[in-house]
Amino acid sequence: MTLSRETRGVYAIAPTPFTADGGLDLASVDRMVEFYTAAGVTGLTILGQLGEAPKLDHDEALAVVERVVTRAPFPVVVGVSAPGFASMRSLSASAMDLGAAGVMIAPPSTLRTDDQIVNYYAGAAAAIGAGTPFVIQDYPLTFGVVMTPEVIRRIAVDNPNCVMLKHEDWPGLEKISALRAFEAEDRMPRLSVLCGNGGLFLDFETERGADGAMTGYCFPEMLVDVVSMAAAGRRDEAHDLFDAHLPLLRYEQQPGLGLAVRKYVLAQRGVLTTATQRTPASRLSPAAIAEVDYLLRRLARHDDRAKLD
Amino acid sequence: MTLSRETRGVYAIAPTPFTADGGLDLASVDRMVEFYTAAGVTGLTILGQLGEAPKLDHDEALAVVERVVTRAPFPVVVGVSAPGFASMRSLSASAMDLGAAGVMIAPPSTLRTDDQIVNYYAGAAAAIGAGTPFVIQDYPLTFGVVMTPEVIRRIAVDNPNCVMLKHEDWPGLEKISALRAFEAEDRMPRLSVLCGNGGLFLDFETERGADGAMTGYCFPEMLVDVVSMAAAGRRDEAHDLFDAHLPLLRYEQQPGLGLAVRKYVLAQRGVLTTATQRTPASRLSPAAIAEVDYLLRRLARHDDRAKLD
Amino acid sequence: MTLSRETRGVYAIAPTPFTADGGLDLASVDRMVEFYTAAGVTGLTILGQLGEAPKLDHDEALAVVERVVTRAPFPVVVGVSAPGFASMRSLSASAMDLGAAGVMIAPPSTLRTDDQIVNYYAGAAAAIGAGTPFVIQDYPLTFGVVMTPEVIRRIAVDNPNCVMLKHEDWPGLEKISALRAFEAEDRMPRLSVLCGNGGLFLDFETERGADGAMTGYCFPEMLVDVVSMAAAGRRDEAHDLFDAHLPLLRYEQQPGLGLAVRKYVLAQRGVLTTATQRTPASRLSPAAIAEVDYLLRRLARHDDRAKLD
Amino acid sequence: MTLSRETRGVYAIAPTPFTADGGLDLASVDRMVEFYTAAGVTGLTILGQLGEAPKLDHDEALAVVERVVTRAPFPVVVGVSAPGFASMRSLSASAMDLGAAGVMIAPPSTLRTDDQIVNYYAGAAAAIGAGTPFVIQDYPLTFGVVMTPEVIRRIAVDNPNCVMLKHEDWPGLEKISALRAFEAEDRMPRLSVLCGNGGLFLDFETERGADGAMTGYCFPEMLVDVVSMAAAGRRDEAHDLFDAHLPLLRYEQQPGLGLAVRKYVLAQRGVLTTATQRTPASRLSPAAIAEVDYLLRRLARHDDRAKLD
């Protein structure tokens, strides 16, 4: 199972479960894999931004990779963004050895010009090796690096192991259209485009040509349904379901706070034993917890899966 | 009519109407004032970020202020953010002379430390003069300046003419709670808190203690209704109405693109003669226009005011 | 006298003189013009970053332009960077009407991608009009906008009224070499390249192909001498003079503090009546003043012009 | 040998030597330690920004620490800045076990407010443990994080294991004076203040109360001499020596390019076998090499140690 340019569907971004005292919670990892399997996801992405990757040391990171890859019946992408190519190479090699399907690489926030970005990905692609497929993470809101469609085209043309775009530019709909137009004109090889940014525009992104989602919304079932309804041309139905989740999805997408919401709901849903984050952690105030509970109750009127008792 | 610490309700952020060839469109200004009056807003804010203020020269800016202030039956806040205190002083004085109720000041993006921010507002407050009430615009997503509740407290304590906060931090709910707690402990004077950021969290912001909204969503009637329902304790009703608008509101809130959506809808609603922006302008592609039209049709099922034919 | 692609020499960046109470000090403006004339500069640049341009209102800015242009026996460049094209157009038109030789335009700090920068200058060039020659200000340290040689090439090719580069990238020597190579290959029209960044690398910049300096060091005589010695092939002599000034030049080049040093020395030299800055102002502590005095005494051992009594 | 609040002198920032094919060059490490010992430094700092730390994987980083600590007759500080506290904790523990004297911690570039910075260092101090002394690296030019003297004071008060400041703010002289004033008023414990930023202001920093230098200039002998002359009150002599080196020091201090200059000169001086950097690497053009050679020849007229043949 390696990552492909033709991948369609939903790669869930999985959080890293911790026990109440901050240790790795491998029992929750197992339950999480079962949960995502039942939700119908196509694959899983671990050790991304929201996987608290920087809070794991080297051995812990590999322990998580091994556990997930061993249990998962689907491909697993591993985030290997690192301050330098040496750590990236070493983490990527270990992850692929353990059975990962590919790796995801975010740009360092110091990149500015088009050439700097293109050169960075050339260096990264070389560091991980031609046999390792990789995903570009295009997330200007968090990384401060702005990639034009042309820059993504150059990266895709230069590096045959670039097979997927985690699209989370904002606004980003025109970018999807532009990339698909480049492909139609044979100016670049096809990329699988999975959308992140919390899923906030997934309803229209699928209509613009995205292949699905790669994000961590706490109801992955909704992402799976919306992507498959959209693929089946059931437009209104897809929007109806999406809109029912939008108030909670929007709440979860708050920068910094989102992971706390996500872990809280996944704990409420019985997936995680605790919502613990390692420091530095965002925490939900009692008022915020009450707001999430209220949103869950409102959602449950439209989607039975949100009934938590 | 001057701005007050007790202000509650909705200050609409008004766009600046242009004719198809880029001239000021004063006829649309008049229609816009009537439209906002009918929508029940408490006041109007002009020459903000989304008012394309930097694209007006000095004389044009004053022409807009004069026209709006003359016609409006409610208080008008004028954005006077400027690269230096001299232009800020001069624009502020002119606006107040013309009858503005107060001014709004955003921080320059170079500010970093707490003291730099506090000192900047001290300088700005002095520049506009003690008799001119002002609004702090707290919008880190756009300006890159992060103000803690403590910094806002210090600004409010130091400058008696600081009467209002345009709250658009993200996430921002805890900030409202923190400021209201400071006030309850008598550690700072009351500020009117009106929420921006496109209204994306208005449903909960009112519940946390915000006094209303200051934002430019293309259906100000919804903002007015949600704020008044929330004030009346009609919680579920407020959320129901808010949620019906959320898909469009979210679409409108895209950075850079939002103004194009807003002007397009206001033109569709008959308020603006054209959706023209001055350069540099964001433009809606045919696909984007079709998406907005689709969202409007879906909204119209819940809210008659979105029926545009 | 309009600005030319062939300009060689030194354009001094002039400060804006204020009286002790913060008013415009036109008497000092006159003395300053005489001083720069005696120093042998080729031209003058006013209303730049270090000219405290944002602290002047519209009328004051024009008053300064008029006074300088009227008195100066050499071309005058006027900084017209503005948050929007409308103010840029209006300030540029007024400056050219008053007799300016050209205008200087810095990029807004929000620009990121190559295309964004190229498009911005296309818009600016259109706003000021084809008849107004302009200078690109390439100063990433202050503006956060990084222009590759290729981006500068595209701007120069696209806009015939782009005639000069104020080069203050850091490091920047290879950029000069790259641009001169483009010109040699006929890939772009010649640009006059005058170097800023306080003059910190002027000794080598001239050797790489720069045409001179555009900076505000408090001994413009040194800049003039170094540029002419370098042009005459008197390499060691140029470096000897430059090195003698380097300790003070380095002190003056401190971001934020530099203008205070410059105004202090120009006041000591009898050019400015006071070293006053408008707020927000950087101020020299007694310790800093003692340091500058010490540097001046040390400099005077090598350069008589630094003997201030 | 652990790091102390009373440390005075010069901690050289050591580069990481690589062989021509990019492998660790431990023979050069040994020669480098001898070189710094002969130069009279007080200590050594390894795995900092200019030590290409992010280009080493975990095992390589520890191999460098072990080799240097084993050979060095003086204390060694190890850079442990990391994207998360887990890697920081693990690298710090390993380094201290191997005999390091303390660790150095730079702030992540996402920090903005005073509280965020203070909280980050509280988390870091806890992660490395109370028994591990640490150095704050205050380098806004590179990290984009601005720490006021008050913020540094709070960090020093809150964390007894904070013993040293690597001061490289720019401008920064007043910051040294402010911190020494806080100490004199008993508002904070004494910090050892060693100055970085390439040494560009070392001449005055020592006079303001700095205890010495922590920087990597390719003639550490000059840093040692200037610090000891300043301590002995031989002011003019200190400045004379400093000024003789300033043209080269300024050339070496260019962001990005500086490491290439430093490794080139250290290779010329016979310390490193090659000037190789791992990718991404800055490279000296033939023109740049000729410029450095010219600066070395000019320096050799004043300082015999720069005679390289």
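To keep things simple, chains are lettered A, B, C and D as they appear, and every chain counts its residues starting from 1.
Keep this in mind: a contact is a pair of C-beta atoms (placed from the backbone, for glycine too) under 8 Å apart; a residue touches a chain by one contact, two chains touch by 3 or more.
None of the values given here were measured: they were computed from a predicted structure.
Any chain that touches chain A and also touches chain C is listed here: B, D. Using the mean of the Cα atoms as each chain's centre, the chain most removed from chain B is D. The distance from the centre of chain C to the centre of chain D, each centre being the mean of the chain's C-alpha atoms, comes to 33 Å. Chain centres here are Cα averages; for chain A and chain D they lie 38 Å apart.
The set of chain C residues that touch two or more partner chains is empty. Residues 112-116, 145-148, 150-151 of chain C are the ones that touch chain A when the two sit in their complex.
Partner chain A is touched in their complex by these residues of chain B: 170-171, 173-174, 177, 200-201, 203-204, 207-208, 239, 242-243, 246-247, 250-251, 254-257, 285, 287-288, 291, 298.
The touching residues of chain B, counted against chain C in their complex, run 52-58, 60, 82-87, 89-90, 109, 119-120, 123, 278-280.
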